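I am attaching a structure below and will ask some questions about it afterwards.
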Amino acid sequence: MPAWPPGERPAVRLTGASKSFGSVVALRDASIDIHAGEAHALVGENGAGKSTLIKILAGAHRPDSGTLEIDGHPVEFSGTAAAKAAGIAVIYQEPTLFPDLTVAENIFIGRQPRTRFGLIDRARMNREASVLFDRLGVPLAPDRPARGLSIADQQVVEIAKAISLDARVLIMDEPTAALSGVEVDRLFAVTRSLRDDGAAVLFISHRFDEVEALCDRVTVMRDGARVSTDRLADVTIDQIVRRMVGRELGALFPKEDVDAGDVILKVDGLSREGAYRDVSFDVRAGEIVALAGLVGAGRSEVVQGIFGVDPRDSGSVQVDGQTLPPANPRAAMRAGVALVPEDRRQQGLLLDLSIIRNATLARRHRLSTLGFLIGGSERREAEEWTGRLQTRYGRLGDPAATLSGGNQQKVVLAKWLATGPKVLIVDEPTRGIDIGTKAEVHRLLSSLAADGVAIVMVSSELPEVLGMADRILVMREGRLSGELSRADATEESVMFLATGREAA
Amino acid sequence: MTVLARERDSEGGATSSTGSTLLDTVLRFRALGLLVVLAALVAVTAAVNPRFLSGSSIRDILLAASITLLLATGMTVVVLTRGIDLSVGSVLGLSAFCTAWLLSENPGVSIPVAMLVGLGIGAVCGLFNGSVVHFGRVPPLVATLGTLYVFRGVVYFVAGGSRINASDMPAGFLDFGSARVLGVPYLILISLVVLALVAVFLSRYRAGRDMYALGSSPEAAELAGIPAGRRKLTAYVLCGALAGLGGVLYAARYGTVDASAGYAMELDIVAAVVVGGVAIFGGSGSVLGAALGAFLLTVISNALPVLNIDQFWQRAIVGALIVGAIAVDRLVALRVAESLRKKGSHVG
Amino acid sequence: MSVEAGRQGRDGLHLSRFATWDVAIIVVTVVFLIFAVTSVQHFGTSQNATFLVLELAPILLLALPMTLIIVTGEIDLSVASTVGLTSSAMGVMWNSGVPLETIMPLCVVIGAVLGAVNGFFVTALGLPSLAVTIGTLALYRGLAFVLLGDTAVADFPRSHSSWTIGTIGETPIPNVLVPMIVLAGLFAAVLHAMPVGRAIFASGSNRVAAAFAGIPVAKLKFWLYVTSGAVAGLVGVFWTLRFSSARADNAHGLELTVVAAVLLGGVSIFGGKGTLPGVLAGVVLLSSLQNALRLANVSSEALTVVTGSLLIISVLAPNILGRVRGVLRRRLRRTHVPAPNP
Amino acid sequence: GGTTQDSQDDTDSGSDDSDAVADPDADYESGLSLAMLPKSVNNPYFETSSEAAAEVVDELGGDYEYTGPSDATASSQVSYINTVSQQGTDVILLSANDPNALCSSLEQARAAGTVVVTFDSDVDADCRDAFVSQVDDDAVGETLIEMAAEQIGGSGTVAILSATANATNQNAWIDVIEEQIETNPDYADIELAGVAYGDDEDEKSFQETQGLLQANPDLDAIISPTTVGIAAAARYLSSSDQQGEVALTGLGTPNQMREYVEDGTVTEFALWDPGELGELAVYTGAAIASNIITGAEGETFTAGDLGEYTVGEDGVVTLGPPARFNAENIDDYDF
C-alpha cells in the first residue's frame, strides 16, 4: 500500500467549511480531503454534520464559508448540476427517486442516451440499466416505475445512478443502511473496482465492519468539525469511537435509581405485516426501558403501532390494565400514553405555527374553559413547560421553525410532558441535538421515571441506551431478539443481539 | 456478510420484476377503460341514430374536439409539472378576438401569419403565468385564477361590445375553418400534429422527461440538477401558446367572435385532462390520455343531443364521470401499491 | 456567534409579525373604506351600505367554511353549484306545495348531504379535493338543471323575500346582517378560540404531525365539507328568496369569487395559515371596491382586471417582501460572521 | 312551463303607484339623466340600441350612460340597478335577465323616484313603469311560423333553436308558434320536432344545430328566434351537406346574415331595428319622467321621428311588426 497521502493533489479538498441552518450550526470549520484511488470513510455521531458536508460537496448546499477545491482548483458550485458536471456523484442518505418514472429513467434523468435526432433511445437506456443492475447483482426490471420499490431497491437504484455517472468522485451517505448482504458485497466489489480505476470514494456508515472492509482512511467528525483523519490501519475502532463521542460519557447520563412499580404498559403479540412481528413486553412505573437495534429494525414502527398512529395487524396493548383500541391515538392519549416521535420536523412539529400552539396542541381540549380557548391559558401553559425545559426562544408567538434543533426537540417534549403521561414513549429523543441539551433531556427522563412514569426509549445511540435504561430490549428485523438488564448490558452484548452475530 | 443480511436476501430476491407487468397492465387498462366507454357510447348512439356515424357527423365531432384537444394538450404539460393553468379559456378568448380583429382589419394577412399571431399572444400570456408562478413563487392555482380574470378583462377592453362576424373576416380564413384534406378537416389535423409533437416531446426528449420528473418529486428534481425554472416556464408558455392557437382555430371555425369566446372553458379542459388519467398533482399521465379524455367529453356533448337525452343531464353526466374516473384511478392505484408493499417488504 | 444569529432571526420575525398579510389587508380595507366614503359620490349613503351588505352576503357566508377548508389545505369549488342545486330543489318543493318552513331546513340538509359527498371522496378515498370538487361542480350544477330545467320558480311569498332585502325597522341595517354577524362570529370562534380550530390549523400545517398529536384529520375534513355544504344550502335559500327566483343557474361562477376573496384575505392555499378577520376584510375589500368602481362609472371590464390583479398581488407582495427581508438578513449575517477563509 | 307568476298578476295591473296625472301636451324635460342597462355589455345588439338611444338623449338635452355587467345574469344586473339608482338617475332603460329576480331592486329604485322602462326583455308588470316591446309577441310568433311555412311549402317537420329557456321573450314566441301549429289550419301539416337551447352561445348553438339535424333526419326547417342562434345555425348549414335542403329562418341581423342569404343557405328572416327600439325606449322613459304619460293604457305620446305611440295593456308600448329581410332588400340595411 502506498503512503498516504500520495504525492498528488487531492481530487476533492474542502477546507474551513461552516454551515448554519437558522440558529443550528451544522458545520463549523470542517475539512476533508479525498484522493483519487482511495476509499475514504467519514464517521461521526448522528447530527455530526456528515450529510451536510457531503451536500456541500454535491452542490446541494452552499457553505456559509470555506473553500472547495477540485484537483487543486477552487470552485464554487451553483447547484447540483455543477457538481455533477465536475464529476461528483452522490448517493444521498434518503433515496431521492422520481416515483413516476421508470427505474432506468431515474438512473439516467437529464442525460438519457439519445439517437441521432436527439430522441431518447429507450432501448439503449434500458440495456445500460440492465448492465448496471447485473453488475450490482440485482434483478431489477429497468422499465418498471420506481413507485413501490422497497427502500433497499430504491437504494440500489441510487447506487446504479451514481455508478453510471463514471464519476471521478463517488460519495455515498449510508448506502448500505437498507441493503442485504449480497447487495452490499456487490456494491463493495463495484466500488473497489471504481477506486482501483482511479476514482475517489467517500463512504459514510455507522457500521464499522463495512468501514474496515472497504476503506483506506477514516475521518472522524464531531459537532460539525473534523476531529481526525488517519489511515485505517493506524487506528483501532475503539479510538475512533472515543474521538466520535469526545467526552466522558458519565456526565451525560444522570440516571437515578428507581424502584420499579406496577406494570403500566403491557404489549402483547403485536404484529404488522412488513414491519414487525410478535412483539411483547411490559414496562413498569418508574422504569426506563430502551428499545435498541439497528436503523430499520422496526422500533419506530412498533411504538407508532402502540400509540395508534399506524394500524397494526394483531396483538394488544394495555395501559393500566385497560386495552387500547388499535389505530386510535386519541384513545391512547386519553389512557395516558404520550409519543415523542423520531422525526420532529415531519411528525412532531407544526413548523410554521407558533411555539404556543405547538406546545399546547395535545392539551387543547383540557385548556379550554366552556369550550373556548381564551384568557391566555395556552400561553401560561406554554410558558411553564418551555421554562421547565429551559427552552431558548425569542418570543412564544414565533414559529417553531425558528428554533434550533434542540429547542425544537424540547418543544415536542413539552407538548407531551404537559399531558402528564403515565406512559412516555420517546423515539430518538436526542437525535440531532447538542451534547448539553442531551444531558438536560436525560436528566428530565430520569426525574420523570423517579416520579413514577413508565418510559419507553427508542434510541440508536448505544451510549444513551446503556447510560439511561433500566432494561434494554433489542430488536432485529422486526422481532425482539433479546432482553438485557442494566447490569448485563454492554456495547458488545447489545450489538450482538442487534446484528444476530452469536459471540457469547 | 452478516447473518442478518443473508436472511434478508433469501426473502428479498423475489421483489424486483413483479411490479412492472402489474403496473403496466393497470396503466393500459385505464386507457382501455376510456376506449371502452367511448366505443360503447358511440355504439349506443349509432344504434339509436345511425346518422351519428355519417361522414358529416364524424367530421363535426372531430372539428369540435380539435380545440379542446389542443388546450388539453397544453394543460397536460403544465399539470405534469405539478401546476395548473386556469387562464386557458381567457387566453383563448384573447387570442381569438385579436386574430379575428387583425384579419378583419387586414384581410390580406395570410393564415400562417394569423396562426403565429394567435400563438404569440398565447405564448406571452403563458410567459406571464409562468413568471408569476416561478419567479413570484405564487401557487399556480392562485396565479392563474388571477390571470383568468385579468386576461378576460383585457379581452373585454379590446373587444368592448363589438363582435366580429363571419362577413368581416376573409373568406379564405373561414374556409380554412371547415376545409379538409381527403375528407379530414384541417383543424383536427393541426391538433393531431400538435398532439403528436407534444407526445413525442414528452416521452422522447430529455426536456420532456424533466417535466415528469419535476411533477413527480420537486425535491429530487432539485438534487438531480433539473433546471426547474426553465422547464416550468416552457410548460406555461407551451400551454399558453396552444390556447392561443386554439383561439385562432376557434375564430376560423365559428366565424363569429366576441368577448365571451372561451368563457368558462378552463374547467372543461381540466376535466378532460383529469378524466384522461393525468394526475392532478403531477408526474404521471400522458397527452394521449388527455386527448382521449377531451375526445370522450366532446363525444358525450355531441351524442347526448343526438340521443335526444335531456341536455340538462349532460353536465351532470360529465361531472359524475370526472369524479368516477379519479375515484377508480385511485382505487386501482391503492390496490397496486398495497400489493407492491406486501411483495416488496423484506421483513415478515 | 450562534446566539447572535438567533437574535437577528428574531428581529426579522419581529418585523414580519406586523407585516403579515391579514393585518395588512384589514388596514388596506379600512383605509379604502374611508377613502371611498369621502371621495366616491353616493358610496357613503346608508342605502348604499345596505346594498353593499346584500351584495356581499352570499360571498361572505360561503367564504366562512371555505376559509376553514382552505386552512386544512383542501378546497371546495362546488359551493356555487350547491347553491344552485339547493335553489332548484327549493323551487321544485315549493311547486309541489311543501311549506316554506319545511323547505328551508330541508335545503340546509340537502346542502350538507352534497358536502358529505365531497367529503367522502376527499377523505375516505384520499382524492385531491381540487379534482373532486371540479367534478361535483359540474355534477351538482347539472343536477340543478335536471331538477328545474331552464325554468324559474318565482312565486315565493312576498313576506319572506322582502325580509331578505329588508332592514331592521327604520334603521338602514339589513335584516341579513344579523345572521351574517352571528355566523361570522361563530366561525371565527371555532377557528381562533376553540380546540377544533387548533386542530384545523394543525391539519393544514402538517398533516402527519397533526395525526401524531391525536387529531382525526380525515374526520375533521369530512365534517368541514359537510359544514360547507350546509352553509351553501343556506345561501341557496337566501339567494332564492332575495331574488325571489329559484333557478338552476343561481350563483353561477360564484365559487371563483369566493376563493379569490379568501385568498385575498391572506389564507394560504397550501393550508395552515390565515385568519377569519383577514377573510372578512378580503370579502369587504373586494365587494366595496367593485361597488365604488361601479359608482365611479368604471366599466365592468376594469372590475374584472382589478379582481384578478388583486388576487395575484395579494400573494406576490408578501413573497417579494419576504425575499427582500431574507436577502437583508443574509447581508446582515455576512457582516457579523468573520470573513471566510481565503 | 313551470313559471308561476299568476299570483302576482292579480294584485293590480299596469303602473300603479304614480298618482300623478298625465299632461299629454307637456314638453320633454331637458336635463334628464338616463341609464341604459343591457342584459350584458359587450353585446352588439344592445350596442346598436345604445348608440341610437344616446343620440336621442342628446337631442332631448339629457345625460346618458350605458352600463351593465359583463355576464348576463340577474344577480349582477341587480348590482348595476342599485348603482344607477344610487346615482339618482331619472330613468332606467333595462333589458332584464330574469322576469322576477330584479323586481325588489327595481321597486327600491322606483321608490326613490326613478322611472323604470324595460325594453327588449320584460320584468313583471308590477315592477316597472312601461315596457317597450320590440314587437307584439303574437306578431313575431306568427311571422316566424309563416316564414317557415312558406319556405317548406306548408308541410313538414320544424324544430326551434332558442337561446336560454327562461328568456322571457323567446318563450312567449315559442308559445305562439306552438299554438299556431296546433290551431291554425294553414299549418295543419306542420309538425314541431322539438326545441333546442343554444344558450345564446355561438359554439353551443352550433352543436345544438348539429344535434337537431342528426336527431331528426327528416327535418325540413329550423326556426331560430335569436340572433346568435340563427347565425350559428346558418354557419353550420352553409358548410354541411344539408345546405339548401333544410330551411332556416328566424330573427337575425342583416349584417350577420348577409353572407348566408347570398349563398342560399337562408331565404328570408326577420328582425326589428334594435336602434329604433333604443330610441323608443328613451322617448317612453323621458315621456314618463316628464309627466307626458304615466304608463297607463291608452295614453299617447310622440316619439320624435318614429311617430306617435299609444300605451297598450299592462303599460306595453309596441315598436311595430318585425321587418323581413331577403335577397331583395337586405342590402338596404346596415346593422
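Order as written gives the chain letters A, B, C and D; numbering starts at 1 within each chain.
Everything that follows uses one rule, which is that a residue touches a chain if its C-beta (ideal position, glycine included) is under 8 Å from a C-beta of that chain, and two chains touch if they have at least 3 such contacts.
Owing to the predicted nature of the structure, the values given are computational and were not obtained by experimental measurement.
Taking B-C and B-D together, the chain pair joined by more C-beta contacts is B-C.
Among the remaining chains, A is positioned farthest from chain B, on the basis of C-alpha centroids.
Computed centre separation for the pair chain B/chain C is 29 angstrom, with centres defined by C-alpha atoms. The geometric centre of chain B is 39 Å away from that of chain D, both derived from CA atoms. For this pair, chain A with chain D, the centres built from the Cα atoms lie 75 Å apart. Taking each chain's centre as the mean of its C-alpha atoms, chain A lies 42 Å from chain B. In chain A, no residue reaches two or more other chains under the touch definition. Shown for chain D are the residues that touch two or more other chains, namely 41, 70, 197. Residues of chain B in contact with at least two other chains: 156. Applying the touch criterion to all chain pairs gives A-B, A-C, B-C, B-D, C-D.
Of all residues in chain B, only 49, 51-52, 54, 56-57, 60, 64, 156, 159-163, 165-167, 178, 254-256, 258-261, 301-302, 304-308, 311 touch chain D in the complex they form.
Of all residues in chain C, those touching chain A in their complex are 1-2, 5-7, 9-10, 13-14, 17, 189, 193-195, 197-199, 201-202, 205-206, 208-216, 272-273, 337, 339-342.
If you check the complex, the residues on chain D that touch chain B are 41-44, 46-47, 50, 70, 194, 196-197, 201-203, 206-208, 210-212, 214-215, 217, 228, 231-232, 235, 239-241, 255-256, 258-259. Residues 15-16, 20, 22-23, 25, 64-67, 307, 309, 329-330, 332-333, 339, 341, 346-353, 357, 360-362, 364-365, 367-368, 371-374, 392, 394-395, 397-399, 402, 404, 415 of chain A are the ones touching chain C in the complex.
Within the complex formed with chain B, the chain A residues making contact are 58-60, 79-84, 90, 92, 96-101, 105, 109-112, 114, 118-120, 122, 138-141, 143-145, 147-150, 152-153, 179-185, 209-210, 213, 273-277, 294, 298, 476-478, 499-501.
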